[in-house]
Amino acid sequence: MLELKSLTKRFGDKTAVDAATFTVDRPMMIGIIGRSGAGKSTLLRMLNRLSDASEGEILFEGREISSLKGAARREWQSRCAMIFQQFNLVPRMDVVSNVLHGTLNRRSTFATMFNLYPQDDIHKAIEILDRLGIAEQAPKRAEALSGGQQQRVAIARALMQDPSIILADEPIASLDPMNAQIVMDALRRIHEEDGRMVIANLHTLDTARRYCDRVIGMRDGRIVFDGSPEQLTTGVARDIYGAGADFSEAATSTAIETLDRTTAQPVPA
Amino acid sequence: MLELKSLTKRFGDKTAVDAATFTVDRPMMIGIIGRSGAGKSTLLRMLNRLSDASEGEILFEGREISSLKGAARREWQSRCAMIFQQFNLVPRMDVVSNVLHGTLNRRSTFATMFNLYPQDDIHKAIEILDRLGIAEQAPKRAEALSGGQQQRVAIARALMQDPSIILADEPIASLDPMNAQIVMDALRRIHEEDGRMVIANLHTLDTARRYCDRVIGMRDGRIVFDGSPEQLTTGVARDIYGAGADFSEAATSTAIETLDRTTAQPVPA
Amino acid sequence: MTMTDATASLGSAKTSADALFQRKRITAFAVPAIIVAYLAYIAIAFDVAGLAQRASTENAVILASDSWSYKTHVTRDNRRGGTTYAIEGERKGAYAEGTRPAWVSGDEETALVIDLEDGHEVRFLPDNAVAYDVPGFGTIEAQLVDGSLITNLSDPVPDWINLSDQRMTVTTDAGRLTMTRTRTEVFRYFPGWELFWFTLDSPYHNRSFTEIALGDRIDPGRPNISGAVSDFWNNGMWRHKDVAWAIGETILMAFLGTFGAAMLALPLAFVAAKRFSPFGALRFGMRRIFDFVRGVDALIWTVVLARAFGPGPLTGALAILITDSGTFGKIFSEALENVDEKQIEGVASTGAKPLQRYRFGVIPQIVPILLSQVLYFLESNTRSATIIGAITGGGIGLMLTQAIQTQKDWEEVSYYILLIVIMVMVMDSFSGWLRGKLIGRKD
Amino acid sequence: MTDATLSGPTRREVDRIQDSYMAQVRRRRMYGGLTLAIFVLLMVSGFMVADGRNAGGFWDGWRQMLDFPADVLSEAWEKRANLPGLLLKYFPALMETINIAAVSTLIGAMVGLILSLLSTRGLARWPRLIPVFRRLMDILRAVPEIVIALVLIFILGGGPVPAMIAIALHTAGALGKLYSEVAENADLKPVEGLASTGANWTQRMWLGVLPQVAPNFLSYTLLRFEINIRASAILGFVGAGGIGFELRNAMAWGPGRFDEAAAIFVLLFGTIVFFDQISSRYRNKLTEGQ
Amino acid sequence: QEITEFRIGILGGENAQDRLNSNECVRAYVEDLLGVETKIFTPADYDGVIQGLLGGTIDMAWLGASAYAKTYMTDPEAVDVVLVKTNLDGSYGYHSIGFARADSGIASLDDMKGKVFAFGDPNSTSGYLIPSVEIPTAIGATMESGDYFGEVRFVGGHEQTIVAVANGDVDAGVTWADGQGEWLDGYNSGALRKASDSGLVDMNDLVEIWKSEVIPEGPIVLRRALPEQVKADVTQFLNELHGKDEQCAYNMAAGETSGFMPITHDAYKGIIAVRQAVQGN
């Protein structure tokens, strides 16, 4: 259903994503790993059409995505929700309004200008929040929430879009291990219950192993690994991360169990 | 020479210092211990006349101090130097100027506003800094110095006042053990060489034991102990700190040797 | 480190500290010296010394005393005869035919006695003669004979008497006597603002508050309260109605100007902000337009607009609007350049249309800056509107300038000043209150 | 987060949240609508009142908006040869305007500085008098410059001094308030340190507070200077000397002297833009450099 | 052709601020007469009214002669001259008066060499226009600062001139008066009279040093674009005002008058010529 054909993105001289090619034939949960600067975010942003590809194609259910313009592009964006590391909510607005932003593409500009959403949408938004366990926070301002809660609001906004694909760009990088687990559980559950495709950039191997059906490894813009979590051995990980023999998985792990072993946290950027 | 007669300080309902009474008949080094909120700072601030006593008297060499006003009070302050936990230097000014602030009371306002300090004073300031081992830092801004160096500048300022008494309010609480030792050594040396009285609030028992000739213990504003360091047994300490049987001295120690045993630091406020 | 080394380094530390202080002293003296030199230059350029001499203390005294007191004129026409009484010498303050103040007694045939209190007494005598008893000085007598003034005063006359053979002015603490060939006039001063509540022709003049509120019907034609309110409102001397309108107009100018400017500037600020405006030339042009309308002050705009719109509050409001759209445009576009991209991207990623992106990604971020600036300007524009009104012809500013320029009735001047100060302070606290209400106090 | 999301009690809980949120939305819409309605009403009725009380109406007038500038510009263009001479002729008046602004900013800033220190909690010399000094600053701020200037012109005669005093008084109030907001956030530790050595109030302020707040104070002062240049030009309009006075005379004479008006305008506008640019550049540096 | 409102402009500066009140009766009459809302506007200076007439936002005004000249010179089609106020003796003129402090030793223009001389408002006939033409003839020099006078400046208006002279800010200045009655009273009417009556100056302290030729009183003008019927009605009303309501005429004229009489543009040709001449420099 989703097919990338030598998708490339160049920033001046720099090639951020270099001829990325892969095919996904059924909704699955995919983790993209790679060290900082590998091109993970850039890839996702091209998928969502937040930025344009320099070369190559994206096909979704046979339809060419990467050349869509204007309304068609926005329509695609509404089917392909995105979740960000920094949540990217509107902090001064309340939680429900933030979730309702997921419907913007469907509603008339005029009505939304004045915050006039149909009652059904509002009810649905609160149901989604309830499903993510934060219905209580509905009337609060987004900025008043904790990081984990904010990320769940962002997921709720994504669900509100009723998307075919959910893209998540390091959704747990700003979260503590406890909240990270809640958020990843939520994404996994959405994938399983609703059957939506989820593509998540992750910067920790064990998260990818634990939650994903398929893992794609990137290095310097190129896809250097594409396989099942089981195939992801420490040797392969060393390749992806370009690390020496001193590479230890624990250093990139945020799983709660590994925490006692060390207090060092990976530096994400 | 110094006599406190039921010195009391009330903030609204709260009695911060409750009828503190003691006599010091010769210059000695006195440590005041007690847990956070016991009234140590308040007591020292009354001695320096930074704040007024609610009741009671302070006599120094027979002269009543606690009722001085205006110029007489400032004259007393110049004879009774104070050193603070946070150093309280002027951060944007150079070290020598900060030391020279010790002479403010003696010089005319106009002269000090235009930096017209006599050359003798400037030289003396450098000598004092040299005595404390930081003469090289003289032209630097105070904010550019490390904590231990800043505290020594504060001591230099105090010495510049040529005071009869030096009050030190937790002088080493913001310092690491290494610097703490340098600063306490300096205070002790000043006491011994110049024969000035030093009264220091300390939050660690071992420092008090090691450096002081006499220790005063406070609890809830009252003086509950007054004696030699030898009399300060663990039992007495438990009384002062109101701690249970789990009280361990190490928990309040900042001496370097004890550091390896624990990383927990006491919370000062 | 050897002993000598230590002494040497200590010595060099001392020398460098000396040098440091030398430098500090020089700067410490240079700045005040420059300031003093500049002030001295200004004192000479502006001729401050000469000004002190020229400063008219008399005017200051007139101003000060007139601002809290008023005078009643007693005027005799020396040609045709007949005496009139009028508060502030104005027609509106004139006593009706056959009435006169209680401190005037006697009659014109023998002697009209005007009591100025504290022993001061002026008598209008027949044949254009006048006598003025000044305690501690004696009686000044004067008479018009064949068009010239004969007095009993001998040289040198004291400096409170201004005398020539055709005119005499006697100014004392109690009052003033002026005599020329045409008129003889006495002023008696009273503290307070005359006729502030009611003019002489109103039946409520000189009645107490309780009398009006609770007493019997004073004017049989209408109920006391409404009658009193209407007479107060239409007071011909103080013109409370016009003053109220003038204040209203002033605030209106500030209100329309400020909010109009904000509404105009908001969309334009997008054009001028790098983040939102793709065309460099357009952006540059917009910024220069902002600079231009801002640089030309509201006052000049007032003059420019006077041809098209004529005098009145609308012209003032438009002038404020034009200048402030420049200022707001600049402030808003700077705020827009500093907005957080994350929120916009978040909204954009849902497929939101451009307007929706601005509405939800941008507006919530700049609203606090926008509101606080607009409200701050509302207050300061109330002050500007006072000044602009003085030029365009509208509002309390005009009343004030005209009252000052015609240089009489200083009590009106002080009344207007008081009202302006209160108005600005009220607007200040109002906008502060609203700011607190809308965006939360202090961050 | 179990599959029991649709079971009874939770369902009711969601209903409750939905209802209370809907109520909140309705309330917000009502308040929002009401505020908007009041605002629109005020704007529209305010506009109609202003339009009605104005001599010329808005809808007739806006077409003529450019008539006057066109008159001025066409004449100025005809006589463009005079321009350099006129610029030179009015330069002294411009200097007077700038001097008025500079002196009044200087004096106002000094007075404002003292007032602000006297009215800041923690620093005040006489803490009890803080409300007095605050009120004083409020009043100084509230009186428009033009009021003081007009009164002083009456007493002192025309010329730059009344304008200078008027602007200085207003500046003292305005800067005093801004300064004291900055000083409120100043770190009190150095002040206390100085107090413990027996320093008097002046020394504490000069050595303990001023070094901390100087960059911010300077930046506010520059902004004020910019504002004061305009103010001093405006006061010229009511007879307080400087370039504003010349501009008014030239404008008031009308055709025949529009070349002078244009020259003065060019000077004035150039000056305002010049100082605006300089000060905003320097201010950015000051506040960034902290 | 219809009008929806009628707007009367009143010159600022020369008149007391309660001209608004003084003209209330006129406003009421005109409103009755025309049956449309009638408003009074009082801009702060001459130019406000002139711009109003030019821009078509003021329909009727009583201008000064110089202000009329300016209006005419800016746009000859803008207004029609209709009436002029007459003095009690039937004349319609007044004078520009030069004056100085009595104790300054200045008694005539001859003593003014090198001294400071003050004009009022640049649009004032008596405060600027006429003296700036007649005085150079009298002294045989120009009005440039430093030529004959040490300095020549504008002080803003008649009242400011009087105060400036009385305070000694300037050595002499010009203002207006009807030239009838006594100098020591400040004449029968004019700026000096008002200043003296209000106690601002004592006429003993001032001396007259120069007096201009008669200056024609400024005309009442109507905007030319008004409907003919309106112009005719208003003109007729004002013409009859003195006979009908003397008090109102007194208020409007700010003093005793024998009424308004018709006058035409021709009476102001001289002034226009003068203004044109002054414009040259």
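Note that the chains take the letters A, B, C, D and E in the order they are written out, and that residue 1 is the start of every chain.
In this text, contacts are C-beta pairs under 8 Å (C-beta built on N, C-alpha and C of every residue); 3 or more make two chains touch, one makes a residue touch a chain.
It should be emphasised that the depicted structure is a prediction, and the values quoted were computed from it without experimental measurement.
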| note | Every chain in contact with both chain C and chain D is listed here as A, B, E
| request: Trace the shortest chain of touching neighbours from chain A to chain C and give its length in steps. | output: 1
| request: Specify the chain with the shortest distance from its C-alpha centroid to the centroid of every protein C-alpha atom present. | output: D
| remark: Top of the farthest list for chain A, CA-centroid basis, is E
| Angle, in degrees to the nearest 5, of the Cα rotation that carries chain A onto chain B | 170
| message | Could you work out how far the Cα centre of chain A sits from that of chain B, in whole Å? | response | 57
| message | Counting only Cα atoms for the centres, state how far chain B is from chain D in Å. | response | 48
| message | Averaging over Cα atoms per chain, report the distance between chain D and chain E in Å. | response | 38
| task | Note the residues in chain B that touch 2 or more other chains, in rising order. | result | 97, 113
| message | Where in chain E do residues touch at least two different other chains? | response | 7, 9, 41, 45, 47, 51-52, 55, 57-58, 156, 160, 163, 167, 169
| Among the residues of chain C, which are close enough to touch at least two other chains? | 54, 56, 59, 303, 306-312, 390-391, 401, 405, 407
| task | Could you run through all the chain pairs that touch each other? | result | A-C, A-D, B-C, B-D, C-D, C-E, D-E
| said: List the residues on chain B that touch chain C in their complex, please. | reply: 94, 96-97, 113-117, 119, 122-123, 125-127, 129-130, 135-136, 138-139
| query | If you look only at chain D, which of its residues touch chain C in the complex? | reply | 39, 42-43, 46-47, 49-51, 53-58, 61-65, 67-69, 96, 99, 102-103, 106, 138-139, 141-147, 150-151, 154-157, 159-161, 164, 230, 233-234, 237-238, 247, 251, 265, 269, 272-273, 276
| request: Enumerate the contact residues on chain E facing chain D in the complex. | output: 7, 9, 39, 41, 45-47, 50-52, 55-58, 70, 73-74, 121-123, 154-156, 160, 163-164, 167, 169, 279
| remark: The answer for chain C against chain B in the complex is residues 6, 9-10, 13-14, 16-18, 20-21, 24-25, 28-29
| note | Seen from chain C, its contact residues with chain A in the complex are 342-343, 345-353, 355-356, 359-361, 364-365, 367-368
